[in-house]
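In what follows, a structure is listed as structure tokens, so that the remarks can point back to it.
Note that the chains take the letters A, B, C and D in the order they are written out, and that residue 1 is the start of every chain.
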Amino acid sequence: MTYSVAVSGASGYAGGEILRLLAAHPDIEIRTVTAHSNAGQPLIDHQPHLRSLRHLTLQDTTPEILAGHDIVFLALPHGQSGQYTDALGAVPLVIDAGADHRLTSDQAWEQFYGGHFHEPWTYGVPELLVGGRKQREHLVGATRIAAPGCNASTVSLSLAPGVAAGVIDPGDIVSVLAVGPSGAGKSLKPNLLASEILGTANPYAVGGTHRHIPEIQQALAGAGGTDIRLSFTPVLVPMSRGILATSTAPIAPGVTDAQIRAAWEDAYGDETFVQLLPEGHFPRTADVLGANTALIGLAIDRNANRVVVVTAVDNLAKGTAGAAVQSMNIALGLEETTGLTVNGVAP
Amino acid sequence: MTYSVAVSGASGYAGGEILRLLAAHPDIEIRTVTAHSNAGQPLIDHQPHLRSLRHLTLQDTTPEILAGHDIVFLALPHGQSGQYTDALGAVPLVIDAGADHRLTSDQAWEQFYGGHFHEPWTYGVPELLVGGRKQREHLVGATRIAAPGCNASTVSLSLAPGVAAGVIDPGDIVSVLAVGPSGAGKSLKPNLLASEILGTANPYAVGGTHRHIPEIQQALAGAGGTDIRLSFTPVLVPMSRGILATSTAPIAPGVTDAQIRAAWEDAYGDETFVQLLPEGHFPRTADVLGANTALIGLAIDRNANRVVVVTAVDNLAKGTAGAAVQSMNIALGLEETTGLTVNGVAP
Amino acid sequence: MTYSVAVSGASGYAGGEILRLLAAHPDIEIRTVTAHSNAGQPLIDHQPHLRSLRHLTLQDTTPEILAGHDIVFLALPHGQSGQYTDALGAVPLVIDAGADHRLTSDQAWEQFYGGHFHEPWTYGVPELLVGGRKQREHLVGATRIAAPGCNASTVSLSLAPGVAAGVIDPGDIVSVLAVGPSGAGKSLKPNLLASEILGTANPYAVGGTHRHIPEIQQALAGAGGTDIRLSFTPVLVPMSRGILATSTAPIAPGVTDAQIRAAWEDAYGDETFVQLLPEGHFPRTADVLGANTALIGLAIDRNANRVVVVTAVDNLAKGTAGAAVQSMNIALGLEETTGLTVNGVAP
Amino acid sequence: MTYSVAVSGASGYAGGEILRLLAAHPDIEIRTVTAHSNAGQPLIDHQPHLRSLRHLTLQDTTPEILAGHDIVFLALPHGQSGQYTDALGAVPLVIDAGADHRLTSDQAWEQFYGGHFHEPWTYGVPELLVGGRKQREHLVGATRIAAPGCNASTVSLSLAPGVAAGVIDPGDIVSVLAVGPSGAGKSLKPNLLASEILGTANPYAVGGTHRHIPEIQQALAGAGGTDIRLSFTPVLVPMSRGILATSTAPIAPGVTDAQIRAAWEDAYGDETFVQLLPEGHFPRTADVLGANTALIGLAIDRNANRVVVVTAVDNLAKGTAGAAVQSMNIALGLEETTGLTVNGVAP
């Protein structure tokens, strides 16, 4: 069968990537695209790369217009998805690319986002270790899915195997991420202008204020960690897409190098989209551009007494839209890889 | 008076930047430029931006050609400077931009570089805290100066105040650096091709193998630290110049936020070229492009129990050639800021 | 049926893109990959983005190893393909991504390339107007195909409709192209280093020396032009992929704006992969990144008395590998669009 | 003596570059900086690279605040400078970086800008040929100066020697420019976002609509041309600064290659800031980054019957602020090169 889909926030970057992936998905019919402030305009004016969808016109983002589809994707600014939840009660599958339904702790929500707290939905990171199993199991048959934050899922996938296996200490994690500006959305902010990004590296949310921190803590707690502490610093660099996360954590006392490496091998050895590279190999974001792949390189630095995990993800693909489509496939009982690519577009 | 200068390695990036700075220096006459494999060619063919020096021709890099100047700059690949040392005995001031004379430990040299160990020269980072004073004092009247490694001096300047004041624990430092490819020199390596760097972030020397690690340990030991341990990961990003170093270290027990901040304020409050930004402000590499300035942003993350120091440096300027020229000024008794700029070229 | 394929030059950029497209092609089995100087090494070490092909090992590029496949792709430096032609006589379909079999004039070959002249093969630009019809017709059942030069096909597709319709004068064409460095291949040349490309625009082959000039003249002659003269200037800009060609030609006397626009509409109105944008719209290279699409914007400047055609192409995709695979599809009688995408990866 | 200066539009890119240059000028005291919408804020918050000016606070842009200085720089959006003209009557020297006082034709102003026409001021391109002499002569003692449009002065300097010498036909010029986004100012427009510029080339104002066209026509008419026609296409590329203009014009009948080359040699042989490169050499924008230099490469393509001139300029430096400061120096009778650099910041 073919599923009818509506995508809200279709003029933005996350919405555009969801559309790009769905346009290549054999089981999906993109019926409706919405964008509040650009309603009435051709989609192609906002997504000039989506040539196969140039027949579509943006509609207003209202519950009425979104309802009546088999699947609805919400790619709205944080805090806006919640208002559609009730009105979309009859929609069989709703996937939110925003943050509204990710956190289980209303206290963390209040501290990092503020405003009305919404109930958590099934978290859309299939390969994540949760209680010794994979999050994939929870996605089978799910009807409400919260796609992850791109930085959050990158760091969580990086460290969950080590946390679950007890080979690293989650109490003193340090993550520094080189990120492209598309993760910040199509926002008219001075610091996102090309002249401010080209030729320079620019840190932001330094010192523990980034909103993805509680999401990582939640994920690693799910993997089995306790008292998770995280120094998290994202750095904007001049690439349109991509996250390269360098995450380190202390080596747990007494564990061997083989035990450490085995934790990641066991976790991801059978996965298609999350791959551990051989010893001494580390990924580039170019290797996953446009792909649904997370590539992980692992080093053990005994002098520093730290495991170093370097993970490359395309923030819009595996980090957001790819995670959403992969989760959709699982929820619907389709082949998990449908419409998704493993190979990046490089150079 | 005017000092006559010879610059070796003049066709490379470090040599080119030394020449760019010296060309604007009122007390310097650039008399000789050398480059072994390109001898006989016009300098301008290799440094097309140095229009004011288009009358110069590259000569061979021999001790005879370098001797007979008031000052000689060596900008050669690591391991090559040492062979000129003896032959340049009569040159009043020699400044090495390579690594050969930086390390005091022959054991560290053997482990990270290998080959013949050379005696350490006066380290060319004037603002570095050494035994409660500044390295500047050691540079006055110096005749042999080792310009720093760009990554090393960036991290050392970032953390030395905290180490010296005892407000951070140097036993568990984590530094992750976004760096531009010019730091790797004009080397014909596949991973430095534009197609491999554009649009992507690329880690290297992951897991404790980077050659600047012992140099940082040495500097922080000089600042007063003991048992310094460092997880160090550089990430190549698509900007020609620049280092943005994010360095974190555990907060020492019992210290207050005010004590922490005071450590950096006291260390750099009077400095021209190393500046601490106000609370909540963090630097971009664009802000120091072409300048001799290191800009430092400081955050205290009590949840992670870590101080986060973000420092921006132009790897070729303050990181290498600027440090060399500033050290030269001090050694010669000139005004320390002569020929150097505080303001970056942005956007 | 499934066709077995060998790809030579598999460690380079063109070879890598051919492999990326073939890996997504349902009718193709990639059986053999070769690369002379890297024989014996894993393909993944040279193409780390081709995760689905990480089981392949590079073999030597010999006629024996290439023979015995249904299809052979040659992605070798110019002048090297010819030596394999005779030995591959029994291979049903050979597609050359190099220049060796593109030119029909041995005189033009001698002037721009030099060395042994090889017979021309069927030119792999299906949408090109040739004698009032499309080149596609010549590709049906072809057994030897010359994929185009990326710059050449971009300019030829830009102007052929106007030449064929007689609405522009091909005697005074001016084309200036912004191009990414991947078009120059994975060559260890100083001017292709990242530090030389980042943050700068760099012209090359200025003044009529670029090797794609005779290929464009040949294509436009095929479209119906006579006495074709072309000022052609490529400019390297800091993007890994992409060609943005701005081509202008004098408006033929007496033609109306409607006639001009109709020439392009008639030529490409039914095409999937070559699309004319609406009036006032012009393409970006991002819109075609990774896609097999050429997007064309057309302006009529009566003050300058020139038609201006701006065309965006991914040099590795539609410019090289996409043209090769599209031509292969036609030659084999497959659906022309199989394994190729219309939508670019943006932002 | 030291001249007191006020700079309006000080939070923008042109204003920032004027400040950067003036901060290094020994005869200038920057007394006042203004920016209408950001009045009351520290300058350093908007120009974080201007560390030496961190003591300055932005004031409102009013005639009262600007008056009372020796020199006033206006770096305001087009159409806004005119309102200050009358009120600044007592200021000895006013330099406008906007377009308001550049054009001599009210008809051209109406067509390309619209709104109130202002009287032309002395044009700030000292090296431009005007009636067989240099514009420099008109700048001596000038009290009202219009700094040029960056694209306009680049193209005008490129072609004026050939027009003045009669060796090219100005009736069919084609110019295509690779330009960085800083030329568009710090404007919050979607197409100037980093995600829209990184990794892509993007044409704009295609087909004869760019506002710099009449300025070029005016300059080349001043150089001696008649019936000047110009196809002009700018292309945004991912570099923060820089213009690389490729300009071609038909070779005039009967002239020799030597005559052509002599035209440019004669025009610029004695100039410091406009330099003709040797035959076969062409400039990169990196070579002039931050410098007041225009570098020109010249090719003669007899097959295309066109002269090709490739010129590199830093749009903010020589293209705007450098031209303003150089013109100021001339107007005040200072050494013309004071505060300006010839060497670019590369790589």
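The rule is simple: a contact is a pair of C-beta atoms (placed from the backbone, for glycine too) under 8 Å apart; a residue touches a chain by one contact, two chains touch by 3 or more.
Keep in mind the model is a prediction, meaning the values are calculated, not measured.
Common neighbours of chain A and chain B (chains touching each): C, D.
Mostly identical positions are employed by chain C and chain D in their mutual contact, as over half of the interface residue numbers are shared between these two copies. With centres defined as mean CA coordinates, chain D is found 45 Å away from chain A. Chain A and chain C have CA centres that are 35 Å apart. Within chain C, the positions touching two or more other chains are listed as 13, 182, 195-196, 198-200, 238-241, 283-284, 286-287, 289, 346-347. Considering their complex, residues 13, 16, 20, 23-24, 47-53, 182, 198-199, 240-241, 275, 281, 283-284, 286-291, 293, 295, 341-347 of chain A touch chain C. Looking at the complex, you find that chain D touches chain A at residues 13, 180-182, 186-190, 192-200, 238-240. Chain A contributes residues 172-174, 176, 178, 195-196, 198-204, 206-208, 229-233, 235, 237-242, 244, 246, 248, 250, 282-287, 289, 297, 299-306, 308, 310, 312, 346-347 to its touches with chain B in the complex.
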